[in-house]
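Two complexes are shown next, each including subunit A; its partner changes from subunit B in the first to subunit C in the second.
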Partner chain A sequence: MSAGLILALPRGRILAEVMPLLRRAGIEPEPAFEDPDSRRLRFSTSEPLLELIRVRSFDVATFVAFGAAELGIAGNDVLMEFDFSEIYAPLDLDIGHCRLMVAARAEAAEPEDPRRWSHVRVATKYPEATRRHFARKGVQAECIKLNGAIELAPRLGLCRHIVDLVDTGETLRANGLVEIEEIARVSARLIVNRPALKTRPEEIGCWIERFRRAVGAPRG
Partner chain B sequence: MADLSPLLPAGIYDLLPPEAEREASLVSKLLATLSAHGYERVEPPLVEFEETLLSGAGTAMATATFRMMDPASHRMIGVRADMTTQIARIAATRLGLAPRPLRLSYAGEVLRTRASETSPERQFGQVGAELIGASAVAADVEVIALAAEALSAVGVKELSVDLTLPTLVPSLVAVYGLGEERAAALRQALDHKDAAAVKEAAGERASEFARLLGAAGPAAAALAALDRLGLPHSAAAELRRLAAVQGGLEASMPELKLTVDPVENRGFEYHSGISFAFFSRGGAGLGELGRGGRYEAGEPEMAEAATGFTFYTDRLLATLSEPRPRPRLLLPLGTDRAVAAALREAGWITLAALEPAKDWRGEARRLRCLYLLEDGVPVKIDA
Partner chain C sequence: MSAGLILALPRGRILAEVMPLLRRAGIEPEPAFEDPDSRRLRFSTSEPLLELIRVRSFDVATFVAFGAAELGIAGNDVLMEFDFSEIYAPLDLDIGHCRLMVAARAEAAEPEDPRRWSHVRVATKYPEATRRHFARKGVQAECIKLNGAIELAPRLGLCRHIVDLVDTGETLRANGLVEIEEIARVSARLIVNRPALKTRPEEIGCWIERFRRAVGAPRG
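For the complex of A and B:
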C-alpha cells in the first residue's frame, strides 16, 4: 500500500482545461507529462505524495471505482454511463462544459410521439445512459456501441438517432444532424474512491478543499 | 466421458488450497470472538419460503434473490442472499420466548443474482452477529466494538469504521416537504456525493444539503459540523444518539478510527437507525469488509429493536496477509505410527508415503514437502 495518492486524468481535449486548474491547485507535473513524445503513463508532481496517471476518460472512472487511483477527473457523462457505487463526485470543477444530446438526421426529426415507436436504434458511446433515457420515456432503445465518429452513423444508414456529447453543435450540422433533446448537462467532476475517502478522510478532504479553492480562484 | 470444464457460472468460484483452509480458519476465529461475548451460534437453512425470506427487512434483497418452485409444496422458495432476515425470523418465532436481549451469531454462504460492479462474486461467505431486543445506545456501542475486536483478532490492520444515519435524509426530506420525485433525484445524487446534482435536485434547500454533504469526515469534526447546522428537531435527536454512540466507542476503544457520513444510504435501505461500515486502509481498493446497523426485527406490529453486523469473508481474505504455511513433512514408507503421531502433536503436517521410492528427497520436493523424515529426524530439503 503506497503512502501517496494517485490522481487519474483523462486524455484528450479536456486535458487543456484541466492543466490550468491543476496548477491553481498547486500541482505541477514533471516535464515529461506534457512532452508529446513521452511514452510514459505515470508521472510524479511537485507534490511528493501525489502521482498522476493519464488514461482514457471512461477508464478514469474504472481506475477510481476499483481503488487503483484514489482521485480522478471525469465528466458526469462517464459517471452516468457506469453508475459505480464506489465513486463519489464531491466537486463540480466547472470545466469541460458540454451537453449529452439525442440528435437525428434533419428529415427524421419531425415531432412525433416516441411512445408509438416499437423500438429505436441509436448509435452511441453511452449505451447504458441511452437505454435508461429512452426507457424512462417508454421506448425500447437498441443501442449500437461506437467508440468515435458517431455522427457518421445516421448518414450511412446505421441508425436514425445518435446520443453523443455536443459542444457547439458544429459537428452535428456538418453531418446533416439536428439536436432533438438534451439528456444531461455535462461538466468535469473531481471524483473520489469511496473506501479511500472513508479510510483517509484527512488527506482526501485536503485535496478536495484545494481543488475547491482552485475552482473559485480567478483564472489567469 | 463427458467433457470436464473448469468453467463455472459467472461470479461462482472454487476455493483451492491454501485459500479454502485460510477461509475456514478465518471463519472459526471470527466466530470464537463472537461466542466469547455470549453470541450463540444459530444455523439457518440455505433456502426458505420466499414470504419469510423476503418479508420485513428482507424486502431490500428481493431482486438479489434466486427463486425456484419447491416441487414438494408447489410454493416459491428463495436461496438466501443475506442471513440477517433469517436470524430475525428465528428470533421472532422459535426463540420468541428466549430472554431479551438475544445475542446470536452465524456463518454461512449466500447467493446473489447480481454481483456489484467492483466485486464479481455472486456466492460468498458471511459471518455475523445480531443483538435483538435492545434499543439502548450501549447496544450500538457493543456491536460496533465487538465487530472491531473480531476484525482486529484476525489481523485486520488500520481498521476504520464509518458511522451513518440512513434515516436522517428521509426525515429532512419530509420536514422540508420536498416532493417524491425530487426526493428520489436528491437521494440518488447524495448516494453519489455528486455535489452538482445535489444542488440541482435540492432546489431552495441546496445550501442545507451541500453543508450536510460537506460535514462528512473524521467523527469528532463531523459531529461538530452537524451540530452547527441546526437541523430540525427530529433530525437533531438522531444526531444526539449518534454522538452518544461515538462517545461510547471513543471511551471503550480510543484507538479505533471513526468517521461519520450523514448522507450515506445506498445498501442501508432497510436500516432504521445508526448504521456502520468497516474499511481497512490495507485493503482500501476492495471496498467494505462488512457492515451493519439498526433495523426492526420481526412482524411490523410486534417488531423488536435490533442491531447487528455482517462480515464478507472473501473481502477479509483478500485484505489479510497470507500466513506462513506450516511446513509439510514426508514420512517414508514404514514410518512408525507412534513416531508420526508425536510429530503431528508437535505441529508438523505429515504426508505418509504410500509406495517405496528410490529418491526420497526428490519425492519430498515433488509433494511440496519442505522436510523429509530421515532416521527419525525431520531434515530440511534443499529447494
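For the complex of A and C:
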C-alpha cells in the first residue's frame, strides 16, 4: 500500500489520448512509462504522492473497485460490463470515443429487425452488458465470451451476431459485418474508489478538479 | 465456414515454440502469419485444406469448443479453466512448459501452510480452476478475476495470494512473491472439437497423426 494515491491507466492504443490529458493535469510519468517494451507495471510521476499502474482496460475497473488503486481511467463500456457499486465516475474525459454496437453478417438472409428476435447467440467481450441490453427488449442472449478477434466469430459460424466496440467501422466491413444497433456511446471516464473518496476526500477531490480543468483546457 | 479445416493458434510468445512444430508437421503458413503487426486474423497455409486463425489463448479453447475451429493448440491451464466437454485433447505437444502456481507475498507474517486456510482471497486469470483447486482442500477461494498484471495485486493490497502461470519465477521474485503450491504442470496440447472428430474422423485423425510424429521427430 502506498501513502500516496495510485492511478490505474489502461494499456494499449488509448494511452496515446491519455498522455496529453495527463500532462494537462500536471502529471509527468517517469520515462519508462511510455516504453511499450517495458515489462514494469508500476511507475512514479512528477507528483511525489501519485503513482501509475498500467493494466488492461477491464482490470483498471477491478483494481479501482477493490481499492487497490484509488483513481483510474476506464471507458463506460467497461463500467457497464462490471456495474461495480464501489466505482464512482465523476468525469467524462472526452477521449477514447467509440460505440458499443450490435453487428451481424452482411449477407444475413432476412432484413435485421431486432424487435423480432426472441433468442440470439452473440460473441462478445461484454457478456453482462450484452445480456442486459437484450433482456430490456425481451430477447434472451446466449453470450459466448471472447477476449479478442470477435469479428472472426460470425465468419467461422460461431454466431450470427457480435457486440463489440466500433470506431470507424473498418474492421466490421473487412469482416463482412454490418452495424445493427447502438448499445452505447463510449468515452473514457475518470473513475474513483468510493470508500477512498470518503476517507481521503481532499486529496482525491483535488485530482478530480485537476482532471476537470485538464478536460476543459485548450489542447495541443 | 470452410470446406477445409481450421487450426486455432494462440497469439504471443508461445508462437515461437509453435512455429517449428507446425513446420515439422508439414504446415507452412503464408508469410503474413509471422508478422506481429499484421491485424489479420485468418491465414492460409501450404496445405490447401488447412487455414490458421491466431487468437488469444483462452479464445482458442472457445473457438474449438463451439466448432468454429476443428483443431487448436492450447495449454492445459486453459483446458482446466473451461472444462469444455466438447474438447478432446489427444496429444501433449511438449512445448510451452510452465506451472500453474499459488504464490503469496514473501513477507507474509506466518509461515504458509495451505492446510490451515479456511478462506482465501486470490487474484487470478483462472477463477474456475482456482476455486476447484481450493475446494478440493476444503478451502473457500474468493477469486478476483484479472486479465493480466496479476503479480501487482498483492503489493497493492488487493489480496495476499495469486494463482498464475510461473516459468522461471523471476516475475514473482521481482514483485516480492514466493511460490506456495503447484496446482498443475502446464504444457501445450493439440485439441480437437469432438463432434468434428466424429463427422470427419479421417481428415482430423490424419492431423493428429502428423502432429504426433512432429512431436517425436528430432528438433532443430
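In the analysis below, the second predicted complex is superposed on the first by the 209 of 220 C-alpha atoms of A that agree within 3 Å, B and C clash if a C-alpha of one lies under 4 Å from a C-alpha of the other, contacts with A are read in each partner's own complex, and residues count from 1 in each chain.
Criterion: a residue touches a chain if its C-beta (ideal position, glycine included) is under 8 Å from a C-beta of that chain, and two chains touch if they have at least 3 such contacts.
Computed from a predicted model, the values in this text were never measured in an experiment.
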item	value
Partner chain in contact with A:92 - subunit B first, subunit C second, else both or neither	first
First (subunit B), second (subunit C), both or neither touched by A:66	both
Contacts of A:198 with subunit B and subunit C, given as first, second, both or neither	first
Contacts of A:13 with subunit B and subunit C, given as first, second, both or neither	neither
First, second, both or neither for A:144, with subunit B first and subunit C second	second
First, second, both or neither for A:79, with subunit B first and subunit C second	first
Subunit B versus subunit C as contact partner of A:42, first or second or both or neither	second
Footprint overlap on subunit A, where subunit B in one structure and subunit C in the other make contact	1, 66-68
Contacting residues of subunit B [partner subunit A, same complex]	116-118, 158, 160, 162, 191-197, 199, 213, 216-218, 257, 259, 261, 266-267, 277, 279-288
Complex interface listing, subunit C residues touching subunit A	1, 6, 39, 41-42, 53-56, 58-59, 62-63, 66-69, 144-149, 151-153, 155-158, 171
Subunit A - residues contacting subunit B, complex	1, 65-68, 70, 76, 79, 82-92, 187, 189, 192-196, 198-202, 205
